[in-house]
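Chain IDs A, B and C follow the sequence of writing; residue 1 opens each chain.
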Amino acid sequence: MPETATSPLNVPPESKAPGAPALAVRNLSVFFGKNVAVKKVSLDIAARAVTAIIGPSGCGKSTFLRAINRMHELNPEARMEGEIKLFGDDIYSRNVEPVVVRRRVGMVFQKSNPFPTMSIVDNVTVGLRLNGVGNRKVLAERTEQSLRMAALWDEVKDRLHAPAISLSGGQQQRLCIARALAVEPEVLLMDEPASALDPLATSKIEDLIVHLKKEYTIVIVTHNMQQAARASDFTAFFYLGELVEYGPTTKIFTSPSQKRTEDYVTGRFG
Amino acid sequence: MTAPNHRWRQFKDLLMRVVTFACAILVVAPLILIFYHIVKQGFSSLNFAFFTQLPKPLGEKGGGMANAIVGTFVLLAEAAVVGVPVGVLGGVFLSEYGSSKLNWWVRFAADVLNGVPSITWGVVVYGLMVVPMHGASALAGGVVLGLMMIPLVMRTTEEVLQLVPGGYREAALALGIAKWKTIVQIVIRTALKGIVTGVLLALARVAGETAPLLFTTGNLGWAHKLTEPIAAIPLQIYVYAISPYDDWHRQAWAGAFILLLLVLAINVGVRFFTRDRFQSKT
Amino acid sequence: MALAVFVLVALIGYELARGSQPALHKFGWHFLFSSDWDPGSDNYGALPFIFGTLVSSLIALVIAVPISVATAVYLTELAPLWVRQPLIMFIELLAAIPSVILGFWGLFVMVPWLHDHLFPGLRSMLGFLPLFRGPDYGPCMLAAGIILAIMIVPIITSVSREILRSVPGLQREAAYALGATRWEVTRIAVLSYAKKGIFGAVILGLGRALGETMAVTMVIGNSPQFVASLFQPGSTLASWIANQFTEAIGDLFYSSLFELGLVLLGVTVLVNIFAQLLLKTFAGPSVKPQH
């Protein structure tokens, strides 16, 4: 067991996010049946910054992430306790529907999952169309904008109506990012978005993440230490469902305060 | 915070739940209705004579379906003799031997056979057995049901054998046990319950078949030899149902009740015994 | 032993072809397009029965497809978990009911009900269509279509359900993550993915409807005629064979019934092959493997 779990309250002041946090998580626990996957985690996630979540397999990273947009509710076994505020709004309050939360908090998955029966452009605009945007001009603008942000525009601008599955794996993942961005979410969650990709595609995605933080709040789960170090501003280290240490990435990677963190980031376990 | 069409979307979601739920109710309704009517009418039409007496000649009241009840069980026994060995062995072959290409074709042919209309089977066996034997017989009826069982049993046997973990086979083969012994002692034994289930369901299925019996079994009295015509419950229901006599209709209700009971009892019973496998699939 | 299936296929084809020789010889292709069925002059044709088979199956599909697909969707996507298992059980039991019982129930319960309640309503509402005009005496084409619909609903539902279940969870999650409601997830991620497989399920149901005998025979009225009104009796290939076989006199009569069987076999086998191909190639439009 970790000796003391750091909560944002004892994170040194200089590591606190500039401005108000995008997400304020308090005492979050997630259970699958009787098993607890995330234990009493509290942390603030900075707006317009990249926060990386690291930790050994099974430590609850994905579960934590999915609690942020209430995706865990798709599993009837799952149950949560605690509180998450998104820019001040309690996302678990009684009158908030998960559908609305997920619109505000987008998600990109480990394995790319474009809708195979739709064209590239339809994949990008599907979220907007669900939200009642029917204006062709608006849709076309947002398509280009999202694809540009996802660094895919130049590669697909001549074949927007080709099926999404005609793209390569890396392109498909960027298409999924564009699809998530098109609805202009306030936070973008990414669960190991590059783990199934080759190094070149991976570095494209990393560049893209760094670029995106100008406008978005990004939370990314990764097993790749270099990636966390390169792309993130803050890093949270999870172990066995608990938050062990949380702070600016440089601090976590150069002078962590916990022995476990040091062991993990230097590759001694996990 | 919410998109302008939010309410509408929520409404559509609710609407579709209601609509699809209503469709599900529509699907179940006939089952309930059929059950209700058959049980109500059938039960009140049942009496002791139904099980013990032969049909009375036209015009006379009373009588029963003793011959048809026995006949159905005789036909099922014959069908099992014809259909089970071929079906089970074929399923074993599909699952354990054979090249994947050949097996693809076998599966394909079996699935197509499962789709052959039952009346067609009747016509075929009529040409094959009834004409050469100069008359309908219990034998022809049993054979036609047995043939229909073959593809059914083959596919279910294969399916349950595939559920046996490959590790069991490898473990046995690694001990130097011959392949056929492995299959008989390990694979089939593990899957036995599933195979029996498949056979019972196939029997339940052919027990209610009528069309293939129309021209193959005849529908008379007691059969003392397999070469004589034999009666069967489903056939009797049909003959009585399309007749103009109230007393025969009453008998048909009773027959339908017994047949429904038989078929559903097998189905429910089998599900009850294989509950674990059944639930884990959902 | 597995090869027995090929023997059976060959046997069925051969027997029917052999039995239909005299009719094939006498009438040739004309058999398919002739609407005579006259034992007096020994002239036989299959057209009214082909027509009846198609019409009754079409009615069945029109009724059964939306209901079955909706039920499959309800079962896999929308229903509360505790409802699913009992509902599936009910549907499987419906599939297990012998067709003679269904036909019997249809004849004594459904047909009178239709005659008293549904048909008058249809006549007054849709009577401007020739389909819903004229008197009805009970057994008729529409009754056959409805009974067939009841019979194929369980098949289409359970095969569609399997198909829907095989849609990857990741597809659903993608839609949920965009803020889609459950129904929207079903529409954009599940149904469009499963289209081809569901089509296969429908064709499988069609194959069943085309060849169904007892239930249809008991409620269709068995008259060898073309009917514009669905309230009129008709007959299908299968029902006509069932109805006439024991009354057949003369070789040509028998042989013509065999040929009806051959036509029925041809049609159902083709439809089934098509359905199997659709279902076997259904793995969904797969997402390209990543590299």
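In this section, contacts are C-beta pairs under 8 Å (C-beta built on N, C-alpha and C of every residue); 3 or more make two chains touch, one makes a residue touch a chain.
Model, not experiment: these values are computed from the prediction.
**Q** Line, ring, star, complete or other: which one describes how these chains touch?
**A** complete
**Q** By C-alpha centroids, what is the most central chain here?
**A** Answer by centroid distance: C.
**Q** When I count C-beta pairs in contact, which pair ends up with more: B-C or A-B?
**A** Higher C-beta contact count between the two pairs: B-C.
**Q** Average the CA atoms of each chain to get its centre, and name the chain whose centre is farthest from that of chain A.
**A** Greatest centre separation from chain A goes to chain B.
**Q** Hey, how far is the Cα centre of chain A from the one of chain C, in Å?
**A** Distance between chain centres, rounded to whole Å: 49 Å.
**Q** How big is the gap, in whole Å, between where the Cα atoms of chain B centre and where those of chain C centre?
**A** Taking the mean C-alpha position of each chain, the two centres sit 19 Å apart.
**Q** List the centre-to-centre spacing of chain A and chain B in whole Å, with centres computed as mean CA coordinates.
**A** 53
**Q** Enumerate the residues of chain C that touch no fewer than two other chains.
**A** Touching at least two other chains: 181, 184.
**Q** Listing for chain A: what residues touch at least two other chains?
**A** In chain A, 99-100, 103-104, 130-131 touch at least two other chains.
**Q** Do you know which chain B residues sit against two or more other chains?
**A** Residues 9-10.
**Q** Quick check on the complex: what are the chain C residues that touch chain B?
**A** 1-6, 8-9, 11-12, 15-16, 18-19, 66-68, 70-71, 73-75, 78-79, 84-85, 87-94, 96-105, 107-109, 150, 153-154, 157, 181-184, 186, 204, 207-208, 210-214, 218, 238, 241-242, 245-246, 257-258, 261, 264-265, 268-269, 271-273, 275-276, 280
**Q** So in the complex, the part of chain B that touches chain A is made up of which residues?
**A** 1-6, 8-10
**Q** Under the touch definition given earlier, write down the residues of chain C that touch chain A in their complex.
**A** Within the complex, chain C touches chain A at residues 81, 168, 170-181, 184, 188-189, 192-193, 195, 284-291.
**Q** Taking the complex as given, what residues does chain A use to touch chain B?
**A** Those residues of chain A that touch chain B are 89, 97, 99-100, 103-104, 130-132.
**Q** In the complex of these two chains, what residues of chain B are touching chain C?
**A** These residues of chain B touch chain C: 9-10, 12-13, 16-17, 19-21, 23-24, 26-28, 30-31, 33-34, 37-38, 85-86, 89-94, 98, 103, 105-106, 108-113, 115-121, 123-124, 126-128, 147, 150-151, 154, 204-205, 207-211, 214-215, 234, 237-238, 241-242, 249, 252, 256, 259-260, 263-264, 267-268, 271, 279, 282.
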